[in-house]
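One chain, chain A, links the two complexes that follow: it is found with chain B in the first and with chain C in the second.
This part shows the complex of A and B:
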């Protein structure tokens, strides 16, 4: 006879991409590389979601250029997600994107109980609107304060200072380097960082992984200990192409 | 996935006479990557560590070498077979610059699925199989602890189940060490870690294994977490500081008989409320022992041998509801109601053995430990199984799974031989004589006729 038809109680884990779609993203195939990186990361993300029954992983995406707009507005279970390509063109309304996300993280519409949300900001340039106001609006929202905030700088023109303000400063703990924006200088490293954020970080935020003693168990600097970054894997047969930005 | 070892390539390793073919990558995490490999026609698994993992854990190589020398405590462990380092000729083929190593282990058969599939309710599995898996888990940790070892990182992620039989496999045995001897890097997985380890008051060892084992057994039996009740519902954002409070600083068992602060919520935690009453009182008591007094006193936690004994007894008490067919596990003699449909359960036929009693319900089995006071509980070598008659499922028989003939004695005193592989109908029998000992067939006493 079957085991009783009961399921483990779970909590939503909101994962939000904030994608720069300004005109400069059209250069050197950056927009296509980002679309590919996210699309390729989805099966791995779905597998992590399956392995973590305590979490209900829901994905959304905001694009920003002349304005900020929802690219995926409905929180979508990762296994049902189809990634439509983002198109590049316009300026960099990053501040507006932060305000859009801030509104979405208010309760309601946010659930009363959830796992820490994961916000991933990807940009190749400098905000052209009021970034500070957007950041202020975001950090007023408790769920945004609790969120794991990651930033990926595409190429050398990205504004690292702005991205650092997005993720917040975290003092260097013993044996750990301070958190910095991830710098993707080509399509391969972009794909690795997207994969890392959508699998290892989602895993860490939904069900804690094995803990080793070097990670202090005391009140941690962040509310979720971040997993190791992927190692640099040498791949001579890299089929994504050695695009350098 | 960016595979560190090239799929399809044959690589040479120090100490291996033949090259190892990397068949395909199976998965990867923050520790390393696992591959299916072929060595001289045999399929095995290879775990290859990331340099960061090796750097964090200086004792890793020493622990693995010791485990390889000492061999597996029992066959439930996917135990390390050999430590591998690439030969100088193969090193350039490994797509990572820093020095690294890995270990070979048996390959997990495809029929075994991750225990999280059961936790998520996606696995078709029966209560009997879940209880057998729990017994297998307790048995494996019993063998490990008796060998003086501890596992340190018991969690849902390290356990695999075969849903048809309830067989288990335990992977990621690279933290195993002599209890108390080796301070490895791992502390455990939050949610499974003992409170004293989570609060950094103790290092993981056999006593914290007992806590983690009880959490894993509870999660398998109830599909719920033993510490997630009202106190979890009061937490908005379940992050690290919140988990630390819930599982370390103020942990309260959801079914604590005295402290009612963390009772399950009827809607959010329905799984716990539905499944907990299925299990007999002595089994529940072991959870209470571990999660109440044993919460703060590691030496008071239920031991692996106690779990083995109660899980085996629970399986012995398995009966089927005549109305809905669901499995029930209430103590013999206690005529209760079916947990699923609330139909009164009839008092079943019981097989009374030199050590214990087994309810006559299809698939219940008799084992050597039912006859031999010196044999520990072991479900791997049954000597008899209750079977339903192929034409009339209500007629129960007992199949001889041993290698010796039995003698079945009817109520009228006549005896009949039962050869290995044959089954005898229980209805006319008073007892069965086997070389292991005698089996008395006990029927419920008929109500006395009214005066």
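This part shows the complex of A and C:
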């Protein structure tokens, strides 16, 4: 009995970088470190994609400075991605970047069968536009609500409060710390966080594992806003190497 | 006419991703032939899907115990009340009593398992989290209940397939699903419960119950329904290699699709005189003891649906448009003056949708957000139409956006009609628009 003529397909996993390209990123080599970290992470991400053929890892990137704009607009298979350097200059239109991503996460063009996307926000400063409006627009989109949202703060001037609002709150649970933005204080720790997000997180998001839904019927026991992540080798507040930023 | 269910069959296979990472299959399946207190045969099939994440590290046990709890709860009811009781009573049982019994038994079972094999930390049901879907088939009615992201498809003798059940719980989005480990889980069964009386007018039917790994492996819901019809044939067919075929198919579905564990259970009903055997005397002799009546799937003939679906699928495999034969199309599309890629894509989309009319409501329901956004003016229909080449279905929906306003009569839908839209597509679109509020939702 021949198998029917149906189309079976793996599931797209959208990975989006939201990169702060304000003028302050030019200081102390932060922009150079970010470009290098992302570029160096791509082989690892491609390897994870190869190891998880049931997920099709597609990468996009948004840069924000005076305005928000697509740096990589077309969802690009990670193995085909060639990272072009971001350039620093301008202020910090983070709210506009969130709106841009919100529009991209509408369905369509997002596929119904997609895995929850991964959004990584990287910033060294404070939003200079209406962050709250951008956040509100983002969280109105169901795919953004389902997304794995991570934030990396570069240096000690980064606005941890807005980054925390971006990733949402998850209280401490047994064996887990409350979720906080990752704080990179130098190029080494930034590279490690980017590597972690593009490999361990992508690997976890690629695996088809369900989780318990939130229900209004009782205590929120068991609710997990994000898919289970493998334990990071780094504590989010650890300094790795000398303080630079 | 006495309706007779054939004993269901099922299969569960570890997903490709699970095999690669050395994880066990966290799905479970159970198919049983039981007896009512009055001796009538009752079939039960159940599937369960353990959540699989690190927090649910005993979910392969939880899914197995979920199926066993379902069997024990059904057997308990069959021993206590005759099937001749009114359908209303059994309907309430499916919706309320059975879920409570299952949830209670499952909690007891997982806690007992923990105490027999304690691990680190304390016991919590979360460790064993699992979904559960089940179908009970009696000579007078059949019914389903459960919670979580399982799907149930009904396949008619002529091959038409229709999705009867899917998870619609608003909080169950993405990879989130309702679970037996949640507080007051029994209350979550009600929306997934229904009783379907069997009448003399009903034809042969197959029911395909599956975990989410199968649907998530299909590119479209149309593909899923076609696959379900084929699986029904596997279940209904009398070929001796049927079980092996089913397992090989499940492996392929996971390998080329979602990578998740994949599980299916298939039940079929035939009528006496069409190939279904009388129950064996030995089984009838056990009628007074439902708990003892558990039996392996029958080896007898499968009903006519297996042959009918087989014929339909043979046509499909031979290159014939099986679904198009089953559902006659409307008048052929008019020739359009433009041959732009967008228009060609839109026309092809109409043809695809109208080739599988039963999948249309599903496909449109998946685009609910778009209907709402268009109605509320948050999406630009002109832009969607201009982008028809990349998303033809969105363009069709945009082209059908009703012009609303006081005193404006309903407009003829020339755009879609010119593309050859069949009545099923027009009707399904109308239903979606009728259910879509114009004002922004708070």
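We take it that the second predicted complex is superposed on the first by the 200 of 245 C-alpha atoms of A that agree within 3 Å, B and C clash if a C-alpha of one lies under 4 Å from a C-alpha of the other, contacts with A are read in each partner's own complex, and residues count from 1 in each chain.
Rule of thumb we're sticking to: a residue touches a chain if its C-beta (ideal position, glycine included) is under 8 Å from a C-beta of that chain, and two chains touch if they have at least 3 such contacts.
Treat the numbers as computed from the prediction; the structure is a model and nothing was measured.
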Which of chain B and chain C A:192 touches, first, second, both or neither: first
Chain B versus chain C as contact partner of A:200, first or second or both or neither: first
Which superposed partner A:50 touches (first chain B, second chain C, both, neither): first
Overlap of chain C and chain B interfaces on chain A (superposed complexes): 1-9, 11, 51-53, 112-113, 115-116, 142, 146, 207-214, 217-219, 222, 224, 227-228
Touching residues on chain A, where the partner in the complex is chain B: 1-9, 11, 44, 50-53, 112-116, 142-143, 146, 192, 200, 207-214, 217-220, 222-225, 227-228, 230-235
Residues of chain A touching chain C in the complex: 1-11, 51-55, 106-109, 112-113, 115-116, 142, 145-146, 174, 206-219, 221-222, 224, 227-228
Touch list for chain B against partner chain A, complex: 1-4, 29-31, 50-53, 56-57, 95-98, 114, 116, 118-121, 124-127, 130, 153, 155, 157, 183, 185-191, 193, 198-200, 223-225, 228, 233, 235-241, 243-244, 268-271, 274-275, 278, 320, 325-327, 340
Touch list for chain C against partner chain A, complex: 15-17, 20-21, 49, 51-56, 121, 124, 126, 129, 131, 148-149, 169, 171-179, 181-184, 187-188, 212-213, 216-220, 223-224, 226-227, 229-230, 233-234, 237, 239, 245, 249, 252-253, 256-260, 310, 313, 316-317, 366-367, 369-370, 373, 379, 390-391, 393-394
